[in-house]
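Each chain carries a letter (A, B, C, D, E and F) given by its place in the written order, and its residues are counted from 1.
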């Protein structure tokens, strides 16, 4: 198959606000680190909110160390994720809601709704709707849609005004086919591939994933070109949408 | 729900080539007339190819006239569709392959492949993958994908070079839910709504559809705003994609 | 396509009990107002239960008025919905469980289960299984199925006997394709179209929806005839089922 | 779960025309024999059309006999199926189009279209859309939809007028879950269970299926009551629909 | 179709630990009794955990007796299920979490997670992901996946080590097509069919199900042979998987 | 997540006959080369049948050479594929049916049916059911199922006896999510990874795919361990099934 760069969509905008809601402290790095870096590089505001530190279920590297305890794991995760976010050019906040399982309490809901109201995101990135391996992830998906709905409500009490109808994009789960994930957008992250790599390398607790997600970005990069993207692209991230896009262009 | 214009994608491009493959001579008017007019208005090249005239199955208005015959129906349909295409700003070609059922012969395939090679479209618009009411429509879907594949083949003999990987967008079937159609793009056709209306009114053989598709465009227009599009939009057309889009923007 | 009235199912029965469970105080008007009016007109008992008033998320018209507060919104919604139900010929009850988000508490469950036991409905109408725009709606779907199950339990303590196996029909969400909604029944509401219109006009807080749902009823009416229904039909409502129907007739 | 007979749909009509399109000469007996007998018993016209005799792929009992040849198998199958149809109260016709694979030629299409035009069926029963075990079955599904579309075309030349929009119901494949078959209608065939049993017993070439389909009818009968049907029902057949039903009743 | 025993997978292993999580006290008997007996017979450890007794919703036989109360129903259910488990060769435990609805509390979660940690199962059997008739069943599905995830977490506090990645198999719901259940494994339970029958007969509260599930096992047995299994098989149980299997064999 | 090797299925068998049906001459190398090498290494018979050489659509490397013609491309492809099959330990046959599009003629059908009859495969490997990028691939899927059905027919004339019910496994398409491909089996090909690499390197016309499929095997290898497979596995291939497996083991 030949693959002329006939259908590349427009370039990265420069005035958007992006909110990434990450179930655990590291998910945003592996799965949306490229989008975060790309948008930050172009001057957009990128905010990460981590519902939990992933202290129990996604820190096996730390738990292998003798004498480890939860407080130490949380601190390490917070440090790593903060440095990774900084490397990507994103602000970060932690809700510390616990993991395995994540407790989607009313209090957690209030916090995310209020952040949505305050930030007024144009775009929200989060987990896919289904993940039989990780109920925290699929719970986060539904939780984000619920908070988006509340933040839209005219009668919800808040000092900030209601949000509009931000697009919701789902980043790629670890085993996409088992999660019903179908890419609808391949995002060219080649210009920031090195930035994402730096951020991933910061995540010491899950260092075995650096190669996995680097390979994945190359794989999505090959598909990027196959689907008509510019041949210069090498690394890409895949996203699925929840809602239809609007506008005046067919691609 | 509030609906701020927070997520509108970019404006209409100006240098694309669009190919619309219509099973019958009028399908493109009802279902993609807005896209055709919008792209033509912005200087893009828009080409329509009708596989058949829809002379048997989609011309009941004509067949109600006494003494009607196939040649007369075809001529009337050709005239109507040609005028509608002109009104939209599109070129048009007819393959006259018969309808109810459409015969997807090797000869028909050669013609469409050669046209794809000659036109080098960036975007192809055609029917949805499934339509239990109209097998000609779902047959056209598969046929277009097959011809696209052939036109991409390096070893396919032709005086024209292989095509790249044009995006394929599916326009809305008459009863979308029964066809598994899910809108992924709502296209703002408000600036050309009057042009589409003029084109639809030309289609005398199916005049009962003018109101139906005008209502539909308003319905999709309301949804356009609900999904974050600019509040000035009134009329829209819905499209589903076959392949992921590529680019540097999340929306 | 010709469209002879060859497959119309039987007429409206006269001795059924219909229960409509509406997430917010107005949903039943837009989406099932025709069914309610039609069944009431034929002497069936029609009962509406609104889980919340939709005071926060579905009353933007009211919130635009200066000095508005929740109590006033609730009262206005109660008044509107009560008058609309009366116009349709249905009884109505309000559970006032809050909205955006609706809290599906044990207490709410007890109330609906007890009402199901007391009313012994033959038919239950409620929301679709999935609605990414409105988690209250999809929550209501699951909640209704859960309450139906409890109300069937021989060992559930109540002064009323267990219910049988009432059919559950889902009315049409605002953006059906995004919700996986597929019409399995098109209900001819032409004889009560004016009644539904009157009821819709009562809903002052969401008056922009009157045209939207009037257009929708005409659209479904056209499809009604296309699917073999009597040509006299002009307005219809679409429903999806959860369980198979039983009986001695193929249509 | 209790199971009160709360939702039984109306009784069997008396003035319909039913057309059953069977890929092989025996399929209609196992899968729609109850519907055929029930409708015939109530005075409806029931017509069976067998596209092939199933002489190669569905007559293993006959092929085990020494010296068997195709002509003899066809004759035996024709005799059996004719007697079974007579037992059910249905007329029958054979197109002898060959099996394994069935050849869906233009000639075959002309015959079925013309029969549809001549019979003007209100209801068509045929195979499910997918069957990875039996491509003849899934081919027949698509073929029937295509012929229905052609028979509807105003411009299709025929001495008979176009058909309307007959409902299409799919009878149950041998392994329903593998075929994506979901029952939407459970038809009470208890009043004709003995008639169907007699018809099944006539099918000597596949006698091992008599028990299998008798058990299945009982299984569907239990589900019939579970889904709210009258408790007197013992045997049922399951059907899936292609198009929405129309009418004035919710069940 | 001929059906040579060409594709039978290997024999029953002898050193596995199987955990069956049953929403109500009897579900495991009807739906996984064959697997339990087969694995127990071969020396594997088989453990059943019943989240509730099904005292309200699945004991209608008992509730028909005058003067019945919940404590008596629970005791009867415990006795029956314990004897059935013993007949099958399985250990059993009861969590008594209530039914219709089952309350998936944190306490219940702690118990199942701790049991998973203690038992270290290789295989988990439980309910399907969706069951519109029985929300307790679909709730159990999600609950089991959640507990599995927690039991895998390195940082979850417990005296037992984390579990690995046990396979999860879903047993067959009462009306499989309505639950999206698709068999991926047909398990030959012929060698223990009499054991399962004995166990089913112990379940006095739901005796009407003995025939239903005996018929079902024969039906799955016929399909077993049709799908290439050994012709000696007569009874089978169907299972669907959640995760891909791993190994060095294609079947 | 920890990932103990708790659920590995049994080892590779030694007496099976495997038939791989490849649309184009190289597909089997990229997608099933590991399975072929693994089964061959264990003494099983592995046969490849290539429906076409992929001379037009999958030989762009060759067509870039000046003065290339179809006969030369075919010869090169035949040579490469023959050497690759030999490297894998498989026999190979070419049907030369043309590509882009592949013509699924009656003659082609006769050849594959006869080969199925002669080879009596226990296992068939072929393409997935859907591939919008490559209609030849999805056509091959349906064609293989059709030929399998014909080869099973007792009355199909042949000197070889009917086949049984061989399992059909689908190998991974190039962009699996777009093709509805869901892995149900991860096959450990680590012991033959070097053999597959050698075979891939022989395919000079598509050398850019060697890295892509090597990366993919590592990715599937990581998932292999994640899904409970032995930690020693490094490379894996993914397969989806068409039919349920049968046997006496749950995994």
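Points to keep in mind about this one:
In this text, a residue touches a chain if its C-beta (ideal position, glycine included) is under 8 Å from a C-beta of that chain, and two chains touch if they have at least 3 such contacts.
Computed from a predicted model, the values in this text were never measured in an experiment.
Between the contact lists of chain B and chain E, the overlap consists of A, C, D, F. Chain A maps onto chain B through a rotation of 180 degrees [Cα fit, steps of 5, range 0 to 180]. Under half of the residue numbers at the chain C-chain E interface are used by both copies of the sequence. Look at where the CA atoms of chain C average out and do the same for chain D: the two points lie 35 Å apart. Residue positions 1-2, 57, 60, 133, 152-154, 178, 183, 223, 226, 243-244 of chain A each touch two or more of the other chains. Contacts between chains, counted with the stated touch criterion, involve the pairs A-B, A-C, A-E, A-F, B-C, B-D, B-F, C-D, C-E, D-E, D-F, E-F. Remark: chain E residues 55-57, 59-60, 63-64, 70, 73, 99-101, 132-136, 178 touch chain C in the complex.
Residues of chain B that touch chain C in their complex: 1-2, 57-58, 60, 133, 174-178, 181-183, 212, 215-216, 218-219, 222-223, 226. The part of chain E that touches chain A in the complex is made up of residues 109, 142, 145-146, 149-150, 152-156, 168, 242-244. Listing the residues of chain C that touch chain D in their complex gives 1-13, 16, 18, 35, 38-39, 120, 122-123, 125, 149, 152-154, 162-167, 169, 183-188, 223-224, 226-230, 233, 236, 238-239, 241, 243-251.
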